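The same chain A turns up in both complexes below, where it pairs with chain B and then with chain C.
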Partner chain A sequence: MRYVLRRFAQLVLVVVVVTFLAAVALRFLPGGNDVIVAIRSGGGVTPEQYQAVVEELGLDKPILSQYFSWMGDFLSGDWGTTWTTNQSISTEVKRALPISTYLMVYGQFVALAFAVPVAVWSAYRQNSRFDRVATTSAFGMLSLPNYIVAPVLMALFSVQRKWVPFPSTYHSLWDDPVAHFKAFVLPAATIAIPLYAGYMRLLRADMIGTLQSDFITTARAKGVGTRRLLFGHALRPSLFSLVTSAAVNIGSLMGGVVIVEAFFLLNGMGRLTVESIFRHEYPTVQYSVVILALIYVGINFVVDLAYAWIDPRVRAGRALG
Partner chain B sequence: MSNIEIITDEESSFVPVAESKAQGRVKVRRRGRVAMWLAIVWLVFLTISAIGANSLPYVPHECEGSTSKCSTAIYGDINRIERAPVWAWFADPGKDIGTGADHTGLMGTDTNGRDIFARAMLGARSTLVIAGLAITLGLAIGTLLGMVAGYFRGWIDVFIDFLTTVMLSFPALLLAIFLVTFFNDPDSTGGAKTRPIWPIIVALVILSIPPLTRLVRANTIAYAQRDFVVAARSLGARGSRILFREILPNIVPTLLSFALTGMALLIVAEGALAFLGLSVESPTPTWGAMISSGTERLRNGVWWVSLMPALVMFLTVLSVNILGDVLAQRFNTREAIA
Partner chain C sequence: MRLGCLTPGVIDVTSPVTAGRESTDIEMGDMGMAHQTASSRRHPVRVFAALTISIGLAASACGGDDGGSSADTTSGGGAETTAPGTDSTAVATTAPPPTTAAGVEAVPGGKLVMGIEADTSSPWRPYEMICAISCYQVIRNIYDSLAMPNGEGGWSPYLAESITPNEDYTEWRITAPADVTFHDDTPFDGAAIVDNLERAKTGVVTGNMLTPVTGIELDPADPMTAIVTLDTSWASFPLTALAGQAGMIASPTWMAAADEDETLKSKPVGTGPFVYSDYRPNELFAMKKNTNYWNSPYPYLDEIEFRPIPDALSRRDALKSGTIDLLHTTNGQTIAEFRDTQEFPMTEIANNAEVGYTLLHVTQEGSPLLDRRVRCALAYATDEQSLIDAIGAGVGQIASGPFSPTQVGYLEETEYPIVQDMAEAQRLIAEYKAEHPGPLTIALATTQDNTSRTTAEFQQQWWEEAGFDEVTLDQIDQGNYIVTALLGNFQVFQWRNHGGFDLDQQYQWWHSSSAPEVGSLALNFGRIRDTRLDALLEENRASDDPVRKQEIAEEVNHLFATECYNIWGAYTTWGIAYKENVHGPTVFRLPDGKEAVFGAGMAGTFYPMTIWIDQ
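Our next item is the complex of A and B:
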């Protein structure tokens, strides 16, 4: 329990530092206050108006007090509006977050659904033809950037054969499930390809190690069937690196798939953040950064705790230390 | 007899290995070696082409108002716009614009009539310089931080771990955008000036530091407990001596394979920046920029503009990955860590 609390405090500190760095970075981008005022007021301001905008946004105050007042706004849930379009920032984020979440979940699900069985079988029949095809193809997939996969998939499946519509307009899962999945199938596939390759290799390597341990030989000698041996005995102790990697990817997939989102015209968190930077919509950027950082840090926290569930040795080690 | 050999092999599975499988494994090894040599050949070819990109006679056609120093990588030929590669008999170039053969060059020509192959080789220069420099610097800094954290432990370890967590929690692409826009001359938004190369390198270095630091730290911890390090310490060796003379030589092989894998990732990352319009500006080609400029035309059946540079990038990333894998297998440190 002490461990959990200490870890939690550390993670809160990480989030605070990250958001503070973001605030500082945004203030020091080229142009400074002039750009901010121009964006806020639509350009062409008198010196008095300039001063008024600066005071309204609190730009004349020291950066720490700006940061704390922003923090207060964030915690109170009053996120304000965007500068150029005067829309509520929380609405923008609420629109983008589910899209990113669906994309992440589908991509991860597809990748894991293929990676786990392929890796288990590859490890069991190491150096068989199946294994060689699986490892070689995974190696190739690792070297395929998503900005190559996305346009090719798009050209094949939504231009040549009109199987899925372009652009992938977002539909709610509950209103129109078919359109919902049609919109996500190509982007999810694009994301899943490199993920699959990474997971496959990780799990295969760990599985090969596990299959050499004594308890597997014991289980085999007891007469445990192949399927039960692989999935019941060998899989769980081999999941360590896979879970770590999959969890770390959750964070990066939420905000880091800007290119995939842009190709398929999905308005997820990544695109919202990057386009807000380009449009100098700094408040939106700050809120996106804090949300993405919270997700990343929160997931790491959960994974740390999950280790104990996957591997009892970790639990024991912590109890001793 | 051969069975005994195989079971002592580190790769052997727990399943008893039959004779036929043993032969299969030998074949796999040889195939791995072929892949390794192909990767080396491709990288050597690429390096030579990149160095000589301006002078090598790749391109069969001359530029407009041909002078002796005319590179088809930079200046296009208005009569040869979007010509398919010579070998692509199945491609339908449409031939809307200009005269002359409807298939030109090893990889065809792009929307400005520039030779894609010549451009890809010129692009290899900037791409490899950016990725190579970035991984070298990132590795140097990451190794130092990781070794210090892993050897001294204590508060400095906590601090460095905190630093890497902060860097990892910051959305990666955002960090890159911040850095590139921050260091860019504000005037360059006009587009007249070419952007400097070093902000991109700095961005990629910062992105590569945290994972490298963590990997090096884990490796250092494994070695810090070993007898030879304890012996050196009891002889009164200083910390820096132990780090650089005792631990560093042992982790160099692992570092090399990290470096290659990291370089592959950075080549891809540079392309991602180019997609967002943040890499080096044209006319200097980078692979990412070339691929992105062609994706619009992909829908119209003009696939080579985008896919040919994509192929070059794919082969390069694959080659670097293969070499990294070969190194990782050759210097498998698993038994040393355990």
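Our next item is the complex of A and C:
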């Protein structure tokens, strides 16, 4: 429990820092309030309109007061409207968040679903033909950036075969599951391919080490079957690096998602954030960044708890001896 | 390349044309300058290039991003279709279902998904819009304009029942027809016209256009009529002002409601052929058929969905994948490809084309561009033809000035150097540097589109070879590109503009009254302040003598050439490619019996209400 509380306290600290930086970031933009007001209102404003914009954004308040005011709006969901398209920012984020979430989840799921069995079998059959094919192909996949994978997949499966639509259009899983998966299959595959390669190689290496452990030898001596040996005994202690990597990848995935969403024109959080930056939609950027940060620290918190479950030494604070 | 551009005023256009596919509806009207079509499937005819195109340096510019190509053209009359069958063009009429010579009737119904080059939305109230081509393509389905360019080179009333001037063109009476209502059932009447024009007077773009307007009031004797008074004689007021953004009419009820609730601004309400249905930034703009549209039998389609796909090649791939039914593009590579394809018919629009060019800020304090020699050195150093060939797949016609071949004032040859002369460029720069010691630097702004960037890199290389110590490139996102131009925060800017057929349509772009200081929004982006140009524009505005107007426009052309106010690129051609079951855009007849120009009188746009789909 102490471990959990300590991790939670760290999470709260990160959240405070991130939200504070996001809330007061407007103060540090080049050009100051004049530029912000010009962007917000299109220029040519009266002094009254100028003041109204400054007050709306809390730029006339002391920095802490601005922060608490901003946090109040954030927590209450009163995020205002986008400056150029007059959309509710909270609605925009609510629309974008599931898309990025599905994309990351599907990408991770597909990568892990293929990586784990392939890695386990490769480790078990080290240096076999299967292992050599698996590791060599993983090498190739690791060298494929998503901006190469995406157009190739699109050309093959959208333009030539017309199996999946391009651009991808999001459909709710519950309203139209077929269209939903069609929209995500190529973007998720684009994300999954390099992830799969990394996970497979990581898990394979750990599994090889684990399979050489004394307890595995003992299990074998006891006549434990192959499947139980691999998945019941060897896999769990080999997962530590994989779980760490998967968690760390959440952060890099957010970056990758930006590219993939832009390529397939999926309007997820990545595209929303980038487009908002380009359009100088600062409030949208603020809320989007904070949402992404919360997701990131939240997932890492869960991963920390998972460590403790996977390896009791973490709970006991003896992980490093 | 892309470009796009603000075209607030209205625009252009000319001739009728259209294109059709083998079974087009409509009969041909005056084919004027239209170029027609040929079947891409069976007769891969290359529509000619003379009017087409260009890539232009400028390829980039405001608007969407079509990567590669050329300049676009206005949707004016010249349209060519690479579609099967004969070259019959057709003119849809307001009579019940138009039929082709073969007796094929337009079939109502269906949904069209169109890929557009950018989501350049803004608040959708007409007076607040800062629009590029895609924005106009979308919003013209929701709003009708009071007037519309016709195929005879003039204007006709459209939403307005009549638009009549006094003897010296200083007062115009605009009368609304009876029984037309907005989509929210608000009646369209004189008060609605007054409300819209009064708001337009306050708009950043529309206000500049309506500068001469001194009074807008309801006729006390006729609630259906608005009276507009001007401080100058303005013979082409309906064409320049009322057929474009300033003449687009929105529901006063909705505009008032949007004053209180900002989120309503993105849900426009007009009298147009389609009714707003849904808008998701960067994803789609959907609309449904206005079943009570006053201009029956339009529209044919039940639904239209516009999907912004900024990258030109991605837009092409979206058509190929079947996700969209129709696209527009100025990308030379795409146009060249669709000219040859057997799968997708394409209508090309090249009349009264915009010109792709490099816009120079010519009055910025301390800028080397104040010196004519530096400006002309940029022109001499540029090899536009190589850009057309290398980036625009050869689709393009090099520009000798601001006016394309079908525009009044076009000259095949001017004093402008269309052939690269690096030695002359180096001589001019050396001369300037001898008088102005110190580093000679310049900043070139472009969009984030790859083709535009490539174009800029060519320019950077040439200009540094000419003697500039440094040419820096600034990539600006599409959303801020136009605003940057409006504010004048640039030195050199890739752009596309100036489609149309009357010089008066360029007034706001070039007259010094539209050129306030940097930091203030201005339509005269380059802040040209030339008394000779002002005088010519003013004389043209007041004149209704076609011969004199032609002379004036040619003088303007020469003036631009000798002063090197801009670096001309290529004339723009737009390609409208679509699936085989789609019957592409056609010309239709206006309420006064004249043909409308092909397209919507604005480069790159057309009226989807004339499109129908095989069911």
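In this text, the second predicted complex is superposed on the first by the 287 of 321 C-alpha atoms of A that agree within 3 Å, B and C clash if a C-alpha of one lies under 4 Å from a C-alpha of the other, contacts with A are read in each partner's own complex, and residues count from 1 in each chain.
In this text, contacts are C-beta pairs under 8 Å (C-beta built on N, C-alpha and C of every residue); 3 or more make two chains touch, one makes a residue touch a chain.
These numbers were taken from a predicted model, which means no experiment stands behind them.
Novice: Return first, second, both or neither, reflecting whether A:165 touches chain B, chain C, both chains, or no partner chain.
Specialist: second
Novice: Quick check on the superposed pair: does A:109 touch chain B, chain C, both, or neither? Answer first, second, both or neither.
Specialist: In the superposition, A:109 contacts neither chain B nor chain C.
Novice: Counting residues of chain A touched by each partner, does chain B or chain C come out ahead?
Specialist: B
Novice: So, A:95: does it touch chain B (first), chain C (second), both, or neither?
Specialist: A:95: touches chain C, not chain B.
Novice: Is A:68 contacted by the first partner chain B, the second partner chain C, both or neither?
Specialist: neither
Novice: Could you tell me if A:140 is touching chain B, chain C, both of them or neither one (first, second, both, neither)?
Specialist: In the superposed model, A:140 contacts chain B only, not chain C.
Novice: Touch test for A:309: chain B only (first), chain C only (second), both, or neither?
Specialist: neither
Novice: Looking at the overlay, what does A:155 touch: chain B (first), chain C (second), both, or neither?
Specialist: both
Novice: Is A:3 in contact with chain B, with chain C, with both, or with neither (first, second, both, neither)?
Specialist: Touch partners of A:3: none, neither chain B nor chain C.
Novice: Pick out the shared contact residues on chain A: the ones touching chain B in one complex and chain C in the other.
Specialist: 154-155, 159
Novice: Which stretch or stretches of chain B touch chain A in the complex?
Specialist: Those in contact with chain A are residues 11-15, 21, 24-25, 28, 162, 165-166, 168-174, 177-178, 181-182, 184, 186, 264, 268, 271-272, 275-276, 288, 291-292, 295, 298-299, 303, 306-307, 310, 313-314, 317-318, 321-322, 325.
Novice: Which residues of chain A touch chain B in the complex?
Specialist: 10, 13-15, 17-18, 21-22, 25, 28-31, 123-128, 132, 139-140, 142-145, 147-148, 151-152, 154-155, 159, 208, 211-212, 216-217, 248, 251-252, 255-256, 258-259, 262-263, 270, 273-274, 277, 285, 288-289, 292-293, 296-297, 300
Novice: Considering only the defined contacts, which chain A positions touch chain C in the complex?
Specialist: Listed in rising order, the residues are 38, 42-44, 81-82, 84-88, 92, 95, 154-155, 158-159, 162, 165-167, 169, 265, 267, 271, 275, 278-280.
Novice: Within the complex, which stretch of chain C touches chain A?
Specialist: 121-123, 130, 204, 262-266, 279-284, 307, 309, 314, 317-318, 320-323, 448, 477-480, 483, 486-487, 519-521
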